[in-house]
Every structure is written in structure tokens, then in C-alpha cells.
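One chain, chain A, appears in both complexes that follow, with chain B as partner in the first and chain C in the second.
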Partner chain A sequence: MIKLIIDDIPVEVPEGTTVLEAAQSVDIPIPHFCWHPALGKAGACRVCAVKLLDGPVKGVQMSCMLPAQDGMVVSTTDAEAVAMRKSVIEWLMINHPHDCPVCDEGGECQLQDYTIAGGHGIRRYDGKKRTHVNQYLGEYIEHEMNRCIQCYRCARFYQEYAGGTDFGVMGRAATIYFGRQEEGPLESPFSGNLVDICPTGVFTDKTARFRARYWDYDMAPSICPHCSLGCNTVPMARYRELLKTTARRNDRVNGWFMCDKGRFANTMVNAPDRPRQALVDGTPVTLDEALDALATRIDDFLELHGPQALAIVGSPRMDLGGNIMAARLAELLGAGALCYFDTPDQAHLTGEAVALLTAESSASQEDVRKADLIALVGCDLLNEAPMMALAVRQAWRSGAKVYVIAPHPDLLPEGEGTNHTLAPGERVAEGRVRGQLPFPFEHVATLAAVPLAEAKRPVVICGATTEGVEAVQSPPRTAKLAFILDGPNAFGCAELARQHNTVALSTALADSRIRGIISFEADLPRDLSPVIDVLAAADWRPTRLTARAGVFLPTTAWVEQEGIYVNNEGRAQRFNKVMNPGLPIKGLTPELHPPRTHGKAAPGGNVAPAERLIATLMQRLGEAEVEELEFPLLDKEDPLGPKGARGWSSSCLGLKATTPGPS
Partner chain B sequence: MNDILFRHNRPDRAVTLDEYRAEGGFQALQKALADLSPDAVQQTVIDSGLRGRGGAGFPTGKKWSFVPRNLPGPRYLICNCDEMEPGTYKDRVLLERNPYLLVEGMALACYALGVERAFIFIRRGYELAAQNLKGAIAQAHKAGFLGSAICGSTFNLELDVHQSAGRYICGEETALMNALEGIRANPRSKPPFPAVKGLWGQPTVVNNVETLSNIPAIVAHGPAWFKALAATPEGAGTKLFCVSGHVQKPLCLELPIGTTLGEIIDTHCGGMRAGSTFKACIPGGASTPYFTRDHRTVPLDFDPVAKAGSRLGTGGVVVFDQTTCMVAATLNLVRFFARESCGWCTPCREGLPFVQHILERIEAGRGEMADMDILREHVHKLNYAFCALAPGAMGPVEGLLRLFEDEVREHITGGKCPLGN
Partner chain C sequence: MIPTHLRQELEQRVAHAITPREAAVDVMKELQRHYGWLTDEAVAEAAAILGLSPLQVEELATFYEMIYRRPVGRTVVHVCDSISCWAMGGETLLRHLEQMLGIEAGSTTADNAVTLLPCCCLGNCGNAPALMIGDRLFGPVSPEQAAAIIADHRTPRPADP
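After this line comes the complex of A and B, so read on.
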């Protein structure tokens, strides 16, 4: 350990820590633009100047470039260091436009913060500001080069971290330009991170342009539902409209970033045609009335066909609480079938995959980033779990060798991918995730041909496919395993399926005994026979099941409720409620907004989480006391705390757990 | 006095291989390969006191000694011929007259360093020099001084000429290596130093053309002979001075290192032009603080020049007469540096245009006294830039404020350039 003194505080840090990081470790903030924890040092902005008063190095130094050494005495408040930092701000403000009032970054701008903190207020440069022509970079990212302070974060992230080739830095001296060779949509499936890492307003989220200031947003720690990886996010909403999503740091999962598919998939939540009205045979009713009607119909159904004829359907895209309650409902009714997965293959393979994972063997994204050898078996990372491809790239950048076994046809640039998490029309990033994997790899025929035994930290990443599951039936004990599953809560569903007697939905539907189903946020595997009575469907998205349902129960989207997803590694992660449900105010007619009568719910806000709907339904069905779900261990987790696999309840599901917390 | 570098020069063309050999060329290489170990060659260079002629004046042998002995993989030598320092043209003259000295010098350096592949990074505009070099390399190949088993020894060497796409920053050794690797020519952070981790991550030595061209003579005649060539007891060898500006005969000449500024101008350049009197000069290329009348007796060698408040730099002397406005001259230089900044770090990219703006304001008669404080501030703070470009660019500004403060004040108080610009 290295011992040094920063601002009179003794600090002890591991070797290789920079002075900037050492200061951060004791909560001394040092301004920085080019330095980023995930991108490392660059030494470009020079705003992290500190003065070394004593020790092996003396004088004003850039703290991001300087490794902490024994005996250093560092001052962040020394007049010379402060003057240098002030000068850097003055230099940067020479050309930065004074357009904060119309800049989307205003209020969440690092440059704004440091300019004010540094006390630069009097302009000494009286010449013209440099100006640039902006580029069209696609429908998601707005480009405003005049605001650029040339920290190089964007180019370093895009090219080095994410492996993109169509964006970078051009020109020289004061006219350097960050952009594309020619206008056009950014090709990287991780381009949205430019919005997060730009310390000022060069790259802003075009989908949320001019809609809100930082302090206007409803926001909360959340989990991305768009694949099984469970990347941590902060969705941001205003006036009941989900406006944008930013990545939330979790060192063990997604690090600092997220993919474009997760970032720019807001439209489904806000969609005008999103079903928000409870219906009984197509007639609008209140949620209470719908539940009453459903309870009656269930009684009638049971009387007519018996409980064995009823299937209760949960889904890997529903949170854990909803799925647990679906099992309890099935138990209460003595239902003939409980379904979590569409097809027997999916049910079987997901179950097999989850059974192969243990707390020790399950690889997190962090494990992948730190691996020294990676084998990919039967998975299409860019389509099924883009952030996993980014994690593999980081391992490759640190020297790991990557092998691809029996390449999935979708690995090819022209390949057709599938993603059941969202229906095809909902994949906003569709077409953008096609492309080459952002790392070089070697094709081998079988996993046996991969020198796993020679590696220190090998990871095998598999699709939950026949080839993937078969390849790792007896994995080498040294290798960690990661499965790419289908749905944000597929792991949770697989564990529930293991504990209960379940069948795949298509199997249940093929069974002539099943005459009716009640589905919760589930999708149909294929056409539904007309003899099947869809007693009820609960969902926040229109599906073929909701179209057929006798009783339709509108549920909340993940941002409108709290819940838990168990990600592909078995990590149970809680997400918080971001916003109140209801029709977005934007676009409402004067009849609906402003409201003339004041009720508890906003227009279109008479919706509830599936978990609560089921609990209420069970009460209507005569269950005197419906036990509340509790996840005591999960709530004790600190997302940035010490590593380790944990169970989040005594009996149960997850191998690892994290809850949202300060990031 | 053309003892080493201009010894083989023909007045109007480059020397041929036969002529060069007839005058003793490649004998040093043959001698070294036959009789000297690589370490012995390196020790000879260390003992000679040769200091880098590219501008920084770092002892060449010492630089070589930083290359770790036992790192696996190849190591490289790069000859820096990206000569873009305004006022400097010695490497061009040298290569246009005698490319063989460099070829032989590089062969000796590579032998000493255990290098089998070396590069000559040459400025885009130096077309003739590049042609000469390519020709010389081909000829040397034919004669067995390059290639495999050179002169019957086990030493192999290939030389490549890389014509730069052209930017001043490419002369910075780490930016040069980036350019050579085909990536953006931004300087790299040090450490690691190139001697440990340079071109393609391998140990690399970067030396100037003139530096390397001195090696054959040092090996042939020994360190004591080389040291004795200097005009001062402390110096070593000769130096190419390229003189331009308001002198009778601007020219590039080889003189004992440590020759005084006065002697160079009066004896070798025929004095000042008719009607001109000496006002100031840049002693060693555009990034060195000015010398004035008071400095005419300073021996032009690294340490004496540094002691006198400037730097020997490249030996590119630019002479100004009494008609030169020092604010305008400084502005001209700063404009160059502001334009040639690579744009990596804030002080250089934004600070230099700020300095340029202030100087423009002063020169146009719109300056204020506070502007001098801004300039002083920049002279200090640009030291904290990423590489040496910005601190170098502040050399002339520092000189302006120290030596010509009155002239700057006159601009500000008079509201115009006193020299009528």
C-alpha cells in the first residue's frame, strides 16, 4: 500500500492508484474532464492540477497522470494549483458558447459546475469564438460541436472502449472536430453513451431534446428490462412521459455504460395505443370492477371445467414478485398448469442453464471484463445482450483471447437476430445492433478445442440454446459460465419453474384438458386455438393475448412500479418506481388536461403492478390474508459493496443480489 | 571548418557512394563490425560527449543506455528528420549534400543498440533529401553496408524512409512514433519513455539526423578527437548553424560548437546587410528566447546559451535588424505554434490562440497594460501543457517580455506599433 497525504488527510491506496483517485477515495473532489474511471487517464484537459508540496515529485502536477507514491504531500487548495485550474476553465470558456439556457445539458453539465466552482466570471478574451458546423448523427443523438471542450472522452470511448470506427477526431489545434467523416447515423450499438460521458452539451439525447431540465425529472434507480443482463439505469421522466434513460454505474454488472437498445427504448411506455383501460368484454370499467368480474368468471369457469382446465401464465419479462404471485394464484386455484416460458425448448434450456450456474461459477459482466480467455458458444451477443459484447471487448483489450464455437448464424453481419424481450416493432435500435462483434476472435469447432485449462480466469458465454447448453454440460471447473437468457427475469422464472410443477405455455395449450388461461405479461408462442377461453390477460403492452381477453387488466410498466429482476447471472436486482403511471400530459386534449375533477389517479393511471393485481384477485377469490412478499436480504445489499455471491432469501432464487443505491 | 558533417560535400550535388568511400566513408562501420563490440561503440559515443542536435541537447550515449538490455522482441531506432522548426534547415542541407553519413551513422547506432530495423521519418517537403536517402540506402545495400550479414558480420539491418504527412508536432518523438504507426500524431504520455516502450510498444531510440551523422567520425577518430573539435573546453564536436534573416550571406555552415554569435554573423555571414544594425536574434530555432546585442559573445553551445537565458535548440539562427518589431516577430512565431498545436491539451490548444490574440491586439495598438500580465501568466502556465510544444512556443514570448518590455509598453501607450507596422 502507498501512503501519502492529501490536504492534510493521510491516505492509503494500492499501488497503481493515481493521485486523483487517491483523493477521491477520501472524498476530496478534484475537477476533471478528460479523466474517466472507465476510460482512464488522458492528460488532455489539465484541469486536475494539484500542487505537490513534498515527496518524490514537486510542484504543480496533473493528478490524473501521477501515480500515488509514498511520502507525497499533495495540496488541492494551493494557490498555484487553484490558479492553474482557473486558467484551464478560462481557456475552455474562450470558445464555449454562452448558450446554457437553451442547452439540454444545462443543469447537469460538468463544465457549468466547474466554471462556477472555479470562479471564472470575467471574460478577458475579446475576440471571436470558434464555430463549427454540426453533423446529423442519426435520430438519437444531437451534435453541437461549438460546445466542445476537447476532452477526447467521446473519441476514446467510441473507438477504444466500444470499438466503433465511424466516429473520431479530425483536424488539429483549436479547430479539432469530433464527428464522422460524413454525416450519418452513428453505427456503434453503444453510441448513446456519448451523451453520458460528454462533460458538456456536445452530445445530447435527441429523443428528449428541449423537454426538461435535470431537476424537473422524475428519476430513480432502475434496471433495464430489454435483455437478460440487468444493466443498471436511471430512467428519467416528466409529466408522465418517459423521456430518456441513462446508465447507472454498477461495477459488477454494466460498469458505467449501457447499450443503445436499452437507452432508446422509451416509446412503448409512452405509446398512445398502450392499453391503460381495464376492459370487460371490451367495455371500459374500473380496475376494481374488472377484478370483480374476473373473480366471478373464475368461479364460473372452475365450476364448469374444473381447476385442471385452467392455466396460469407468468413470463420472463414480468418482475419476480408478479411471477411468485402467479404461482400462488395457481396454487390457490389448483390450476392444471402454471407456465413461465413459451416453448418446451425455452423452458428446458433455460432451466438447464440456470441449473448449471452456481454462486462460484456464474460470471458477471465484471468477471467477463477481467477474463483472460473467453469462449462464445451459440449466442448472438450484439442482438441478445449487447453489453456482454462490450464486456468481452474490454477483456480482449486487456489481452484476453476470444474463441467462437459453432457460430450462430446471427454472428454474421447480415444475419437475422431474434429477441423475444420486445416484439420486433418495439426494438427501436433494430438494425443498429447488426454488425461485427467489436473484438477479433478465432473460430474453433468445439469447446474442447479451446485451451481453457491454460487460462487463469476463463469465461464461457453461452446462449440458452441447445448447442450452448450441450457444450457446457461438464464445463472445466476453472471456467466461469455466463448464459444469455431470454428476458430480464428469465433466471427468476427458471428458478420458480424448478420449485413448482410447470409446463411451457405451448405444451399447456396443446393439452386438450386446458380450456382457459389467465396470463400476466405473457406473449403467445403461436396462434391460439379458438376453444381456449382467455379469461383474463394483464399487461402494459398490446399483445395477441390482450386482444382475446375477456377481462383485460392494465399493468404498470417497470418504470412505474418497484420490483425485482433476476439477471442472467442470478443477481437479483431491485428497481424503484420512477414515475406515476398515466397518459403523458403531452398530447392530451383539453378535456383531459388540466383535470377538472381531482381523483387519485391521473387519466390512464388506473393501472397496477401485476403482483398487486394478483394479490387483490386472490382476496376476491376468498383468500383471507395474502402474505406480502418480502426480500429482506436483498434490501441489505450495497451495489458497490464488497463482492461475493449472496442468496437473497433463505429458500431461494438468486445467487447474487444488488439493490439500487447511490451511484 | 568542415570537419565532419560537410567534409564530403560537393558544391552543387550530393556526394556519391564511391566518392564517400574514397574519402574514408564506411570505414568506421567496417572497423566497428570487425573490432568493436556493440557496448564499445556505445561507450565511445558516451565518452565523446555528443549531445542531441535536434533541439533538446540530451546526451546521445546516455539516451542509448536507457534501452533495457533484456526485453524480448525487436527494438527500433528512428531518425527524426521532421525538421519543421522555423529558421532551421540544417538537416535538409546535410541530406541534400551527403545522405551516406546518416546511413553509416544509423548503421553504427543500430549495431550499438541491437536494432535490426530502423526508420527515417522525414518531413513531407524534403523531397530531394528523401530521394537522396532512398538512393543512398539502395547503394549501401548493393555495397553490403545494409541488409543481412553486413560486412561479413552477423549484424543485419534494414532502413526505411517514411515521408511524413507533415505537421510540426510529428517532430515530437512520441507523436512521431504515433504517426509512424499510422495513428493520430498526438504526443504520448511519459513515462513509459520510448527507450522502454516506444514504437509498437518496443524499446525505441529517436535521434536527430545531425546527431546520427556525427557517429561515424566519432567511431573513426575517437572521443578525444571529437571533443577537441569544440571551440570551448566543455563542448564536444561541431555544430551545423543555419543562419537566416538580415545578414549579408544567410547560409548553413559547420563550425566548432561554442563559436560565438558575433563570430558567426560577422566572420561567416559577412556581417549585417547594408544599412542594418543587429537588434536581436533567435539563437536556436523558433522556440528559443531571443538574444540581443549583449549576447553576441555567448559561445553557442548548450550550457552557455542556457546560462544566458535561452536555448541552443537546433542552431537555427534568425537575425533581426533595427527595423524589426519584436512584437510582430513574436506574434509571427506564436501564430505558427498556435496553428501547429495538435489540439490535445487545453493550455496549448486554447492558450496559444489566446496569446496570439493578445499579441495581435498589442501590435494593432489596442493593447492594455493588463495584457502584459496575461502574457506573463501564459509564459508560466503553459509549462503545464502535455508536451514541450507550448512551453517552447512561450520561449520567444518570455524573451519579448524580459528583453523588450519597453517596446511592448510603447505599443500599448502609443496606441500603435512604434516601428510603423
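After this line comes the complex of A and C, so read on.
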């Protein structure tokens, strides 16, 4: 351990720690632009200057570039260091436009914060400013190069961290330009992170430009529902419209980043065709009336067909609370079937996968990033779980060997290290093209051919597919396992399926005894037989089931409620309510907004979480007291640590709960 | 299109490098020698030879001062505008050359004979002010000497075929 003194505080840090990190470890903030915890240092911005008063190095130094050494006495408040930082800010502002009030980044801009913190209020420079022509970078990211302060974070993230090759830094000195060779959409599936890491307004989220300032947003810590990885996010909403989503740091899961698939999928929450009105046989009613009608219909149905004819359907798309309540409802009614998965294959394979995972063997994204050998079996990472591909790339960057297991070379994904026998065109024709993986890999035919035993920290990543599950029936004990499941709560559903007597939905529907179903946020990939009576469907998205439902119950989207998703590794993660449900104000005509009648709910806001709908329904069905769900397993630790979501200020956005595995 | 023998020679050079990127400057210089400047076509060809993306070649091409991404004259004159040369009259030298050639720094004479480029330090501070033509360094250069040097290097327009 290295011992040094920073601002009169004795600090002890491991060898290899920089002075900047050492200061952060005792909550002494040092301004920085180019340094980023995930990207490391570049020594480009010069704003982290400190003065070394005594020890092996003396004078003003860049704290991000300087390794901490024994006997150093560092001052962050020394007049010389403060003056240097002040000058650097003034100099970075020379070419920066004077237009924070009309910049979309204003209010959430690191450069703005440090300019004010450094006391640079009056501009002395009256020369000509450097100006650039901006590029069209696709429908998601806006480019404004004049705002650039040359910290290189974007180019370092895009090429080094994420493996993109179509965006980078051109020119040098005063003409330096961050962009593409030619205008066009950014190709990396992680390009949205440029918005998060740019310390100023060069890259802003085009889907939500000029819609709100940072302090206007409704925001809360949340979890991405678009795949099974459970990346931590901060969705931002205003006026009942989900505007944008940013990544939230969780070192054990997604680190600092998220994928574009999760970031730019906000429209479904605001969609005009989203069902928000409770219906009984197509007639609009209140949620209460719909629940009354459903209770009566259930009683009638049970009398006519008996409980064995009823199936209750939950879903890996729904949060844990909703799915637990679905099981309780099935129990209360003595329903003939409780379903969580659509096909028997999906139910069986997800169950097998979850059964193979224990608290010790389950690999988090962090375990993947730190692995020294990785084998991929039966999964298409870029489509099913893009952030896992980014995690594998980090392992590869630290020297890990990556193997892709496929029975035939033409089944390999695109990327460096393939030995396809068919030409790309032929592979497209055969439907065999998978996304280009952002790391080189070696093709092997079976898992047995991978030298797992020689590695210290091997991880096997598999799809919940026959191929994946079969390959890892008896993996070496040293290897950790990560499964790519289908749905944000697939793990939770598999665990519930294990505890209860469940069948797959398609099996239940094929059984002639089942005459009616009640579904909660379930998807049905094919048409439903006309003999089945959909007593009720609860959902916030239109599906085949909601179209057929006698009683339709609108539910809240994940951002409109509190809940828990259990991710692919068995980590139960709580998400908080971000926004109130209701029709987005934008798009409402003057007849609809402002509302003319007095009410507690906003127009289109008469919706409720599935968990609450089921609890209320159970009360209507005669259950005297519905127990509230409690999750004592979830601890209250905060993996964010003392740093904020974007790395430069402390923030209130703490994750409330995370706990690995059901052990 | 570059001739096959040049492509093969460059591919060999890349194969011998520890990383392809290391051979990038060599490849770009050869292509520039072939085309006169590093054309868009040449950037794409260099990318294919090096196994990089065109953007990654562009990054390197625009970083190096002696790689020309725009057409240049038959002779390119680099005049140092860094601090030592500036202190020793580099500015006067550049203004003089502009007047003499009748062009602004950064452009090419109408007969396509000479391109005049200010450049960063040539590492010839001891002999400031300095200029460079091709691989040859000159310094200290007085305005009169500069005229003579350029006259020496003016290559005649190639005869019409």
C-alpha cells in the first residue's frame, strides 16, 4: 500500500492508483474532463492540476497522470494549482460558444459546472473562434462540434471500449475533429453512450432535444426491461412523456454504460395506440367497474366450467410482484393451470438454466469483464443481450481468450476470427447472419475443446437454448456460468415455476380442459383458438390477448410503478417509479388539455400495476386480507458508491436493492 | 486503382509489421507517391491493405502533416511556423514566399508547380527560420535564399503526351 497526504488527510491506496483516484477515495473531488473511471486517463484536458508540496515529485502536476507514491504531500487547494485550473477552464472556453441557455446540454453539462466553479465569468478573449461543420450521425444522436473541448472521451469509448470503427478523431491541434469519415448513422450498437460520456454538448440525444432541462425531469433509478441483463438506468420523463434514458452506474452489472436498444426504446411507453382505458366487452369503464365485472365473470365461469378449466398467465415481461400475485390468484381460484412461459421448450430450458445457477457459479457482467477465458454457446449476444458483448470485449481487451462454440463454421457470428465456408451473400440468403461481435474469437466445435481447466477465471455464456443448456450440463467447477434468458424477469418466472405447479401456455391452450384464461402482460406469438374464452387480459401494450379480452385492464409500464426484476444472473433489482401514468401532454388537443373535469388521475392515467390489480381482484373474489408482498432478501446497499451517476457530482440516484442469486 | 505489384509489395510490408497499424504511414506514403496526393480512393485502398476501417486511415492521414488529403502542386514547400522560427523571422519568410509565388499560404500556384504550406516544428530550431522541400531541410533561410531554393526545385510541367 502507498501512503500519501492529500489536503492534510492521510490516504492509503494500492500501488498503481493515481493521485486523482486516491483523492476520490477520501471524497476530495478533483475536476476532470478526459479522465473517466471506465476509460482511464488521457492527460488531454489539464484541468485536474494539483500542487505537490513535498515528496518524490514537486510542483503543479496532472493528478490523473500521476501515480500515487509514498511520501507525497498533495494540495488541491494551493493557490498555484487553483490558478492553473482557472486558466485551463478559461482556455477551454475560448472556442466554446457562449450560448448555454440555448444548448440542450445546459444544466447537465460538466463544462458549464466547472466553468462556474472555476470562477470564469467574464470572457477576455476577443479573437476569432474555431468553428466546425457538424455531421448527420443518424436519427439518435445530434452532433455539435463547436462545443468540443478535445477530451477524447468519445473516440476512446467508441473505438477502444466498444470496438466501433466508423467514428473517431481526425486532424490535429486546432483543427481536431471528432466524427465520421462521411456523414451517416453511427454503426456501433453502443453509440448512445457518447451522449452520457461527453462532458459538454457535442453529442445530445436527438430523440429528446429541447424538451426539458435536467431539473424538469421526473427521474428515478430504474432497470432496463428490454433484455434479461437488467442494466441499471435512469429514465427521464416530463409532462407524462418518457423522453430519454441514460445509463446508471452499477459496477457489478452494466458498469457505466448501456446499449442503444435499451436507450432508444422509449416511444412504446408514450405510444398513442397504447391501451390506457379499461374495457368490458369493448365498452369503456373505470378500472373499478372492470374489476367488479371480472369478479362476477370469474364466479360465473367457475360455476359453469369449474376451476380446472381456467388458466392464469403471468409473463417474464412482468415484474416479480405481479408474477407472485398471479400465482396466488391461481391458488385462490384453484385454477387448472398457471403459466409463465409460452412454449414447453422455453419453460423447460429457462428452468434448466436457472437450476444450473448458484450464487457461486452465476457470472455477473462484472465477472465476465474480469474473466480470462470466455466461451459462447448457442447465443446471439448482439440481438439478445448487447451489453454482454461489451462485457466480453472488456475481458478480451485485458487479454482473455474468447471461443465461440458452433457445430459448423457457417453458424458463427460475423467478426474477426470466423472461418465461414459460405460467402456473406449466401449466409444472408440462408438466414445465418448474426451481428458482428466487437471482439475477435476462435471457433471450436464443442465445449470440451475449450481449455477451461487451464484458465483462472473462466466464464461460459450460453443461450437458454437446447444447444446452450446441453453444452453446460457438466462444466468444470471453476467455470462461472451466464445464461442469456428471454425477458427482464425470466429468472424470477423460472423460480416461481419451480415453486408452483405450472405448465407452458401453449400446452395449456392445447389441453381441451382449458376453456378460459386470464392473462397478465403475456405475449402470444400466434393466434388464439376461438374456443378459448379470454376472460381478462391486463397489459400496457396491445397484444393478441388484449384484442380478444372480455375485460381489459390497463396496467402501468415499468417506469410508472415500483417493482423488481430478477436478471439473468439471479440478481433481484428494484426499480422505482419514474413518472405518473397518463397520456403525454404533447399531442393533446385543447379539447383534452387542460382537463375540464375534476379528478385525481390524469387523462389516460386510470391504470395500475398488475400486482395491485390482482390484489384488488382477489379481495373482490372474497379473499378477506391480501398479504402485501415483502422482499426481505433485498438488502439496502448502494453499489453506486459515493460518486454520482455521471461521475462528477454526488447524486441522490442510489440503487435501492441488489442481491445475487436465490441461494 | 493501384497496380497489382504495388498492392502486393504493400501487403507484404504489412505482413511483416508486428501490427498492421505500424505500417500505415509507409502504406499511405507509397499511395501518395503513386497518386500525387492521398485521394479518397487511396484511403479506401490503404484501409483494405491495412485491415483498418477507412475512418481509421483517415484519422492517421489527417494527423500527419506530410500526408496530403487534398491535391498539391509538384513541389510542396513546408515553412515552419513554430516558436523558434517565428522568433527568427519565420513569419517574414512565409509572407515573402506568398508574395513571390502570388498565392496565400495553404494554396497552390495556378500552374500547379508549387504548394506553400505553413507547418509545425521541423526540428531544425538551431537553423531557424527553416523550410523543407521533400525530404530536404533548409535553414537558416533568408527571403533571397528562399527564392533561389524554390527556383531550384520548381519542376517543369510534364510534357504533353
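Operating definition for what follows: the second predicted complex is superposed on the first by the 607 of 663 C-alpha atoms of A that agree within 3 Å, B and C clash if a C-alpha of one lies under 4 Å from a C-alpha of the other, contacts with A are read in each partner's own complex, and residues count from 1 in each chain.
In the analysis below, a contact is a pair of C-beta atoms (placed from the backbone, for glycine too) under 8 Å apart; a residue touches a chain by one contact, two chains touch by 3 or more.
Predicted, not measured: the structure shown is a model, and the values here were computed from it.
In the three-chain model built by superposing on chain A, chain B clashes with chain C.
Legend: residue contacts after superposition of the two complexes on their common chain; A:Gln181 is shown touching chain C, with no touch to chain B.
Chain A is touched at more residues by one of its partners, and among chain B and chain C that partner is B. Once chain A of one complex is fitted onto chain A of the other, the partner contacts of A:Leu356 are absent, as it touches neither chain B nor chain C. Using the contact criterion defined above for the overlaid structures, shared-chain residue A:Val57 touches neither chain B nor chain C, since it reaches no partner.
Applying the stated contact rule after C-alpha superposition, one finds that A:Val169 touches each of chain B and chain C. In the overlay built on the shared chain, the residue A:Cys45 is in contact with chain B alone; chain C does not reach it.
In the superposition on chain A, A:Val626 makes contact with neither chain B nor chain C. Taking the listed stretches 254-262, 326-334, 362-370 or 398-406 of chain B in turn, the superposition on chain A shows a clash with chain C for 326-334 alone.
In the superposition on chain A, chain A positions 169, 171-173 are in contact with chain B in one complex as well as with chain C in the other.
On chain B, the positions that touch chain A within their shared complex are 167, 169, 184, 189, 338-347, 349-354, 357, 361, 370, 374, 377, 381, 384-386. Within the complex, the chain C residues that touch chain A are 43, 52-56, 58-59, 62-63, 120.
Of all the residues in chain A, the ones that touch chain C in their complex are 159, 165-173, 177, 180-181. Interface residues of chain A, counted against chain B in their complex, comprise 41, 43-47, 49, 60, 62, 65, 83-84, 87-88, 91-92, 94-95, 124-127, 149-150, 152, 169, 171-176.
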